[in-house]
Amino acid sequence: MDKTLHSLADAVSVIPDGATIMIGGFGGSGAPIELIHALIDHRPRNLTVINNNAGNGHIGIAAMIEQDMVAKMVCSFPRSKDPRAFTERYLAGKIELEIVPQGTLAERIRAGGAGIPAFYTPTSFGTELAEGKPVEEFEGRSYVQERWLKADFALVKAERGDTHGNLTYNKAGRNFGPLMCMAAKNTIVQVSELTQPGAIDPETVITPGIFVNGVIEVQNPAQEEVLNLAEAVYP
Amino acid sequence: MDKTLHSLADAVSVIPDGATIMIGGFGGSGAPIELIHALIDHRPRNLTVINNNAGNGHIGIAAMIEQDMVAKMVCSFPRSKDPRAFTERYLAGKIELEIVPQGTLAERIRAGGAGIPAFYTPTSFGTELAEGKPVEEFEGRSYVQERWLKADFALVKAERGDTHGNLTYNKAGRNFGPLMCMAAKNTIVQVSELTQPGAIDPETVITPGIFVNGVIEVQNPAQEEVLNLAEAVYP
Amino acid sequence: MTQIDDIKLSNAQIAWRAAQDIDDGAYVNLGIGFPEMVARYQREGCQAIYHTENGILDFGAPPAPGEEDWDLINAGKKAVTLNPGASFFHHADSFAMVRGGHLDVAILGAYEVAETGDLANWSTGRGGVPAVGGAMDLVHGAKRVAVITDHLTKKGDPKLVSKCSLPLTGVGCVTRVYTSLAVVDIEDGHFVLHEKLPAISFDDLQALTGATLHITDTVGDLIVPEL
Amino acid sequence: MTQIDDIKLSNAQIAWRAAQDIDDGAYVNLGIGFPEMVARYQREGCQAIYHTENGILDFGAPPAPGEEDWDLINAGKKAVTLNPGASFFHHADSFAMVRGGHLDVAILGAYEVAETGDLANWSTGRGGVPAVGGAMDLVHGAKRVAVITDHLTKKGDPKLVSKCSLPLTGVGCVTRVYTSLAVVDIEDGHFVLHEKLPAISFDDLQALTGATLHITDTVGDLIVPEL
């Protein structure tokens, strides 16, 4: 078994129009810029993108939005230093938004990966984000029922990987990565260093390979924040 | 801040009669034998114990049962090589049993730690273990509603720990430990090696200290399976 | 009727047959006991990755006697070793793998399997101490749930039945049964005969089966090496 | 009435006051923006442990300019450093800490706080792009949810009200409000005045507050250093 992918273009070539894609990252930390830019080259349209944010500047998810690839964003915080790509299209009614509290977003993704179709959370009870959702009382307190979130694909950035798909992450770049790996039918991961099985201590594996379908090595990957500070634009 | 506990006796002295206690371990792996035996010395009664199993031989949880400390076991598999302590009392109606599918047990404990009062699982649908539980259909499939599980105390065995309560585990001894640390009001952990904060790589911490109330160093801890092979008895 | 005991497969042979359907790189959970035997008969050139409920992926063969590390065990509490690429995780992550549909196949034992795919394998319903372990999770999680079993109970009753009489482990979950006499698929609420021992006639096999055996395609010969 | 602008606390002073209630070893989440300032004024000998939603426990001060590691950021996407004893975890574990009641205190900003403890701090309700982040999780998770805020809006309206007019972040969640004029507790659906600036009279403070200020015990003087 070898899950190695041999080019970024190949890695994302399987993603069709209309796909739902989870993209790892919190702001720029953990954003799989090289995979996203390869996806922009491939240019599927009408995508639903699940990410904590909605892009920043003119690279990464913001660039996907600028290229009119994204029909809907599912996120907790569609704001950034330079949110124009999303903001303009949202205010013009050209992109749909599902706003989800951050912890609920994380838990819905985990639930999708863990086979839990629904769960109850105190989060959002009594607010407009709970409208239309079932409410149930447990032990005298009210909770909102939330559903799992799954995707056709996940694009994730990790630090070390092996050819079986075992992963470690870099610092707070971990964020949604391990959850999204679980919740997508096809999880594609870019790693800074691709190793043979056995090179990662089994105690320190964060994402076991069972959750990963393909790994591609991208040495010295770009950091979204650094690109934005340099006012980078893609393509 | 220093969560160091200075004796096993002190560590468990806060556990009163009637407490609900989660005890880590899967069979002998991860069983916090020294903490359990200190608890036997302290001898609270009428306890509810949550563990995957129900003791083996005449040490650990089996010895707690033999000392008539346990009123109820919550577990998935109350069988072992030498299950007499539990079996005899169970068949005599002297100990209560709540049998929970293993994955549901794990998820209920995680839910307790994560503030999720209830969730839906396909597990046990249509079986006698789902009797009396709400059933709901999602996307054409039926699921059983399960509730969170919490405890007053957790007794857990870890490998390395620091004085802030950050933990790593040893191999498959990890099992329920990280979940139980989350789900108890007061989590007491024995570690083979107690270090200062900073000694454990932040990337490799399995249980962050926020989930731990007290840590005590027990160097070269006993392994339950090894004790049982030697036919050990406690006290 | 043929003397069944003379022709039926041994447990090792049933395990061997089940192992032939496991692909290279498949993620597999083997139930405690008899199903663990399947790992011995992996096809040449195929390396499945074995999952154990207690938090290991890609464990290997048992260690040499005396070399056991009792913190490195499988769900049956037997000592194992690690393959390169192994990982450890806690129980909630382990059952996220199970429940979340990440395992390619789970192979379990059975008291009874119904033509509807219902499985009874955790309780004889006769009192004693109930113990379920991870069976109820596995049957609703793996992409494919297969059973290996003798075709008959020790008393000679069919284990393949129209409706389970024992407490259920799961509803409509089994899709293939490897028995000592046949390989039977479960499709749309029916047993469909996939392979049978050449030495047994269809009618004899039907007589030993508690529900109608359907035939939708050529029935293959169940041929297994001496083991 | 006193000239409020002459006597009211600066944001730094409000943050300082809130910091005085944080114990040594407390697990604390500070909202993005103004609340982050609280970390600067920790009491002598007190070392709180700061949590950030994006998966760090025990992060420290910002790095020197030019030393930023952009994979080491807080929820406000600002670069941070690590203290000894820090740990990383994924977002579901991070919000298990939040939702599971493991944080001792969360300190958040507010548009409005109602005497019922309701908080509005995520949406001005005026259109634009909604963005909630982790606020709705934090208000229902931490053992203690406190707010720091100016006592009045920029237009001079009370931010402490009988009922929030803006979209809610959470219901009945806030238990203490540190304002530019007072420290107000929320108990059983009432504002209870805990401390006020010596320079403002109770009546003047009441006039600037959108619901009745109750007094159940001695009202302390809100005394804060120059900052």
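So that you can tell them apart, the chains are marked A, B, C and D in the order they are listed, and the count of residues begins at 1 in each.
The definition used in the following text is that contacts are C-beta pairs under 8 Å (C-beta built on N, C-alpha and C of every residue); 3 or more make two chains touch, one makes a residue touch a chain.
Values in this document were obtained by computation on a predicted structure and should not be read as measured data.
Least step count on the touch graph, subunit B to subunit D: 1. Here A-C and B-C are compared, and the pair linked by more C-beta contacts is B-C.
Taking each chain's centre as the mean of its CA atoms, C is the chain most distant from subunit D. Once the centre of each chain is set as its mean CA position, subunit A and subunit C turn out to be 36 Å apart. Centre to centre, using the average C-alpha position, subunit A and subunit D are separated by 30 Å. Put simply, the C-alpha centre of subunit A and that of subunit B have 34 angstrom between them.
Residue positions of subunit A with contacts to 2 or more other chains are 107, 110, 114-116, 121-122, 169, 171, 202-203.
For subunit D, residues touching at least two other chains, in rising order: 56, 88-89, 92, 95, 98-99, 140-141. Taken as a contact graph, with one node per protein chain and an edge wherever two chains touch, the assembly fits none of the named shapes, being neither a line, a ring, a star nor a complete graph. Taken pair by pair, the chains that touch are A-B, A-C, A-D, B-C, B-D. Per the touch definition, subunit C reaches subunit A in the complex via residues 24-25, 27, 47, 49, 51, 56-58, 82-89, 92-93, 95-103, 140-141.
In the complex of the two chains, the subunit D residues touching subunit A come out as 52-56, 69-73, 77, 88-92, 94-95, 98-99, 118, 128-137, 140-141, 167-171. By the touch criterion given at the top, residues 26-30, 52, 76-80, 83, 86-87, 90-91, 97, 99-107, 109-110, 121-129, 169-179, 206, 223-226 of subunit A touch subunit D in their complex. In the complex of the two chains, the subunit B residues touching subunit D come out as 1, 110, 112-116, 162-164, 166, 182, 196-198, 200, 202-203, 205, 208-211.
Of all residues in subunit B, only 107, 111, 114-122, 136, 138-139, 141, 143, 147, 168-169, 171, 202-204 touch subunit A in the complex they form.
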